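Following this line, the structures themselves.
Shared between the two complexes below is subunit A, which pairs with subunit B and subunit C, respectively.
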Partner chain A sequence: MSRLALGGISKRFGEQVAVRDFNLTVEDGELVSFLGPSGCGKTTTLRITAGFESPDMGSIVLDGVDVTDLPPNRRGMGMVFQGYALFPNMTAAENVDFGLSVRKRPAAERKARIAELLELFGLAHVAGSYPHQMSGGQQQRVALARAVAIQPGVLLLDEPLSAVDAKVREELRTEIRRMQVQMGITTILVTHDQSEALSISDRVVVMNRGAIEEVGTPAQIYAEPRSAFTARFIGAMNEIPVRIVSAAHGLVERGERRVTVAGATGLADGELALLLVRPESLEPLGPTSGTLNGDLTMAGQVEVQTFLGATTRLLVREVPTRAGDPTALPPTQRFAVDIPSANAGRWPTGSNLSVKIPVGVSRLIADRSAPGGVLSSSATSGGKAKPYA
Partner chain B sequence: MSATTPASFAGTPAAAKRRGGRAAITLLPFAVLISLFLVAPTLSLIWGSFHDNKTGVFTFENYSYLQHPLDLVPFKNSLELSLASTVVGGLVGLLIAQAIVSSRRPIIQEIATTFSSVAANFAGVPLAFAFIATLGANGLLTRQLLNAGVDLYGGGFKLYSVLGLTIVYAYWEIPLMVLVMLPPLQAMKPAWREAAEILGASRWQYLRSVAIPILMTPFISSLLLLYANAFGAYATAYGLTDGFVALVPIQISNLINGDISFDPGQADALAIGLAVIMVVCIGGRAILERRSARWLAR
Partner chain C sequence: MSGTSITGEATEETLPAVVAGAEARRSARKRPGRGPRMPVWAAVTLLMAAVYFLLPLYGTAVFGFSTGKHFTLQPLFDGLADEGFQASLQLSLTYSIVTTILALLVVAPTAYLVELRFPRLRTAIEFVTILPFVIPPIILAVGLETVFGINSPINLIASSWAPVLLIGGYFVLTLPFVFRAIDNALRAVDVRMLSEASASLGAGPVRTFLRVIVPSISLGLVSAALLAFTTAMGEFTLAALLGYATFPVYLLNVNGYEPRMGEGLVLVSFVITWAGVIALAAVARKAPGTLAFSRGALM
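Moving on, here comes the complex of A and B:
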């Protein structure tokens, strides 16, 4: 039996639809992330789950019990808020104790539990400190310890790392995962940070305009996105124009090359479409690569090199193979190629680069965003579609 | 290769000293103001309170009022009046401020803040006159109530008494309380209530353990301000009672201006007593404010 089931949740604020027919079951001990851009309904869904908002329709079932109409203080859930929401008049230990105290647990049990949690979160040395005397990371740990102290049926995390700096964020997300696995707490994490969602979740729920766009493991979401929105929202993505030659046979054309791809069903012959391919999937071609069969290629001039650590991203301006090619990138747009940083010296700024577009790992979508055949090539960064212009 | 740091380099102690010097110059007008209108009068008061105003000889005689119960009546009246107006103004003001915050409508908050700012500063003779015209023995409201069968003055009410003064003082104490309590009430994070709620707390448990302890500091601090404000008020009380109710500021005035009771030395000593009470109130408020600011920082 699933630990938590959200069935047909819908919520409107006036004319605005915040959540639309949201269905999800969360298994015991699972960490599920709600991921999406601002205003996609992820926080509203979390607040409905917590009981701070009432759904217009739908039900919330926890351990087989319908809790839809129960107030938050009777749901047995724990929550970590965006700004920590630590009680400023209480020390770290008193904050952790709060939930135990209102439950009237025996003093000895409370004392032991507080000591155990402060130790687990590395907070023993700040037990007597007030929130304003602690760093952001310490405050966040106290908020986590406070939320899990009551041994909640479900732990809800509302953008818990948005208020800490990048380094602490990385440390804390690992810590959250470690704690979650160690304690086996069923957890829902709301975040707009895709790296956060992908790195610590068992499953990711991608949300868009109040509805679930897609649910899957981080690997599925990243490597095999089922929707164009997910493909564009998660990670960086090139959108390479192609023309549908025969939708029935999956035959597409780019420049002088024609290849067969999957996913052309539903597209019209002669229509322009976009081939979505990640920067790390584009393979640079050397002078000895020879003739390629079954793949498309692109060629251009490297304009910018961006060092990303293990990899370096090259932003390349395409040089079309023939003039007037409708599938060529517009002159203002660039495509991105990720290469091992060790090889970055081979393609300095200004050098020419040819890449193979492996159609097997690409996804074809209709070019709805550019009616009339105006082509775009974009990649996402930080969760928001951003053309390389 | 060695390099010498030029003296004009921005981070050198010399540069820091120059910047400090410039800052001191900009503070000079303020320092002059404080010296002329706070430090010098205070020193003059202290000196005057320990010297006989006729002979100039050092004496404790001006503080003899501390040993005579009758001479302490102005303090007793002022303490009672300030306490009463502080309690009324504090509680009513707090409820109004909470109602304003709960309304969550910016327009109401703006109107209330503007009105409170005006009302909190509407004091002195104009306020006394307004109350005499409204609630005086022949005031508009008094007459209308009389016509309706309610005889205020027949029932023992007097505007020109400590009770009357309490009502008049409350007129500016209430809006002052609204003004000083709005920021802390607005700084209360809804997430604190939600956090308490999801941890299992009832509304009362949240109020008792979180909201009241957090708000207690700014509340007490605001009461101290109201108290100091009421204790030092002079013009309203004088305008309303013509100096017949013995309050500390009025007694000081009598000792300076009076023909029979002219005694500037004792006036200085009374003023020192008043100043001590003010310093305790304002100092206490400053300490509490610092604590409150840490808790309610946005």
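Moving on, here comes the complex of A and C:
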């Protein structure tokens, strides 16, 4: 029931800049996720908001009141921790009661509220259990109930689902969202799990190296990422080399084809750049390269089929149209194409596939921003970091 | 929502059962149809230890509870009726209880603050607390005597401040045990996270310490209290050299002129100490919440 404004927050730990000029307003009843790789400053920002760290610069304003210098116990923010942080010597009901007893609420009111919350989170049957007697999912529900019991102005969730197993995680995140909407609690969720952030947030703040990379709705972040970092961090992404023919006209070249794309400004003529395309945006054409005009294509041989449920991902080794093409994928890299699983039989392992690269939904970035090998990590054996959605 | 919690419970509940089952099968294979058998070397060691520890007790009992020919409890009754015994026991009990309370009151909050706010001070604090191991009590006694003794301008021994001097000494001697017991307990729980959770729910530092931290480390506090109490109760060097008539000092004196009575009282003190240890341990087990928690922590 509150509006939270973080203004120009900065924080260093020694030489390390943890948070850099962080500006964000979280509207009343909104759920905003901080998403980024580990060490991007998302947790530090949350801890500064909660009052567990003090910012070197900047302010935290809650409903028009500057709370920057208030100790955490006087900020009225509920927090849920990664490791539950339940009080081991108290039962589930006593844990939920803790914040209420601190506030010296009348006994009858407390009792009613505890019962209501335990009911809401499906915990009535474990009310008298101690934390070590409960499953991980139950413990995290108790932690949630305890945090919302005090009717916090802002609810802070620090990777609340990373300690529970996969099935419970998915269920619990829907539950968090349902509860959050129902109660209208302004909420910040810190997570490194993009599917978590995209699935339940009103807005997502993508963070990188202590700074906000971009802020947007989940749909915007996924479909129209404004920064190359976001484009690569969210979902799976193909990075296809092209050569800039004329930056002024947005003309790029790949193999024997030339097309006009947006976003070439700032790049130099003759330079190699990368076209970022999602696997589901690549359109299969048929067994051989078509003679389509106005679009780029690439062709190759299917090496691996990965069944993902509704879709199947094909990892394809490119067969360049001519030898020595500088815009061909390096031999160690594969490109990924997502097709409906019903059609997967048409492109078995070893078959030839050519795809259309729809430039309208692609994004151009300079090749120099690519650190070493481009798509290799994601499109080959899925070895390294790139997370597939 | 209940669907998952049921699944979750089922997995966690079946696990110990499976483990227990495997355990049972394994042991059944090892010794079919027979009870557990102790290896010979273990039995011999146990027997030797038992002889080593129990024989002196037996000797004490035989000597203390006989006239030389017949069994009698008379020396014991004489001892219990002795004014010196009552006074010295009372003195020792009082000093030991005060030392224990003081040690807990000083060390528990200190160890908590070091763990939470000043982790860098940890090494220094640890060093200070083990000093009594490095500096023998006799050095401490001589030092205290020099600074606060009857020949010093700050003569505490002859003043009404006398208890402070000995209790202060006891406090120092118990530090290594008390700090270690409490510090271990603190490190077994996530002090930082619990404190932050408590603060986020609106509790100030004092309430957090008393309502969240203290109950979470109750077992450590009990063992710290036991160690402090028994250390102070049994301390001899400091009390004797500074001239306090504590129970151990009295026992030694009495052994000089009335050995049978002394031996009877030794047995009494032995029983008292063990009764105290068992009582405190029992209290810790029955304290609400701690029972369940201690099981969880021990498993």
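Note that in this section the second predicted complex is superposed on the first by the 361 of 389 C-alpha atoms of A that agree within 3 Å, B and C clash if a C-alpha of one lies under 4 Å from a C-alpha of the other, contacts with A are read in each partner's own complex, and residues count from 1 in each chain.
Quick note on the criterion: contacts are C-beta pairs under 8 Å (C-beta built on N, C-alpha and C of every residue); 3 or more make two chains touch, one makes a residue touch a chain.
Note that this is a predicted model, so its numbers are computed, not measured.
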Mind checking subunit B and subunit C on superposed subunit A, clash or fit?
clash
Name the contact category of A:G309: first (subunit B only), second (subunit C only), both, or neither.
neither
For A:G83, is the partner it touches subunit B (first), subunit C (second), both, or none of the two (neither)?
both
Per the contact definition in the header, classify A:H132: touching subunit B only (first), subunit C only (second), both, or neither.
both
Look at A:F52 in the shared chain and tell me whether it touches subunit B only, subunit C only, both, or neither; answer first, second, both or neither.
both
Identify the partner contact of A:G122: answer first if only subunit B is touched, second if only subunit C is, both if each is, neither if none is.
second
Touching A:N73 in the superposition: subunit B (first), subunit C (second), both, neither?
both
Classify the contacts of A:G14 with the two partner chains as first (subunit B alone), second (subunit C alone), both, or neither.
neither
Just subunit B (first), just subunit C (second), both, or neither: which does A:G350 touch?
neither
Given the superposition on chain A, which partner contacts more residues in subunit A: subunit B or subunit C?
C
Give one of first, second, both or neither to describe whether A:P106 is in contact with subunit B, with subunit C, with both, or with none.
neither
Identify the residues of subunit A that lie in both the subunit B contact region and the subunit C contact region.
50-52, 71-74, 77-79, 81, 83, 85-89, 98-99, 102-103, 130, 132, 146-147, 150
Sort out for me which residues of subunit A touch subunit C in the complex.
50-52, 71-74, 76-79, 81, 83, 85-91, 98-99, 102-103, 121-122, 130-133, 135-138, 141, 146-147, 150, 156, 165, 167-168, 171-172, 175
So in the complex, which bits of subunit C are touching subunit A?
1-5, 7-9, 11-12, 189-190, 193-194, 196-204, 207, 211-212, 215-216, 218, 289-290, 292-293, 295-297
Within their complex, state which residues of subunit A touch subunit B.
50-52, 71-75, 77-79, 81-83, 85-89, 98-99, 101-103, 130, 132, 146-147, 150
Under the stated contact criterion, what part of subunit B meets subunit A in this complex?
189, 191-192, 194-202, 205, 209-210, 213-214, 294-297
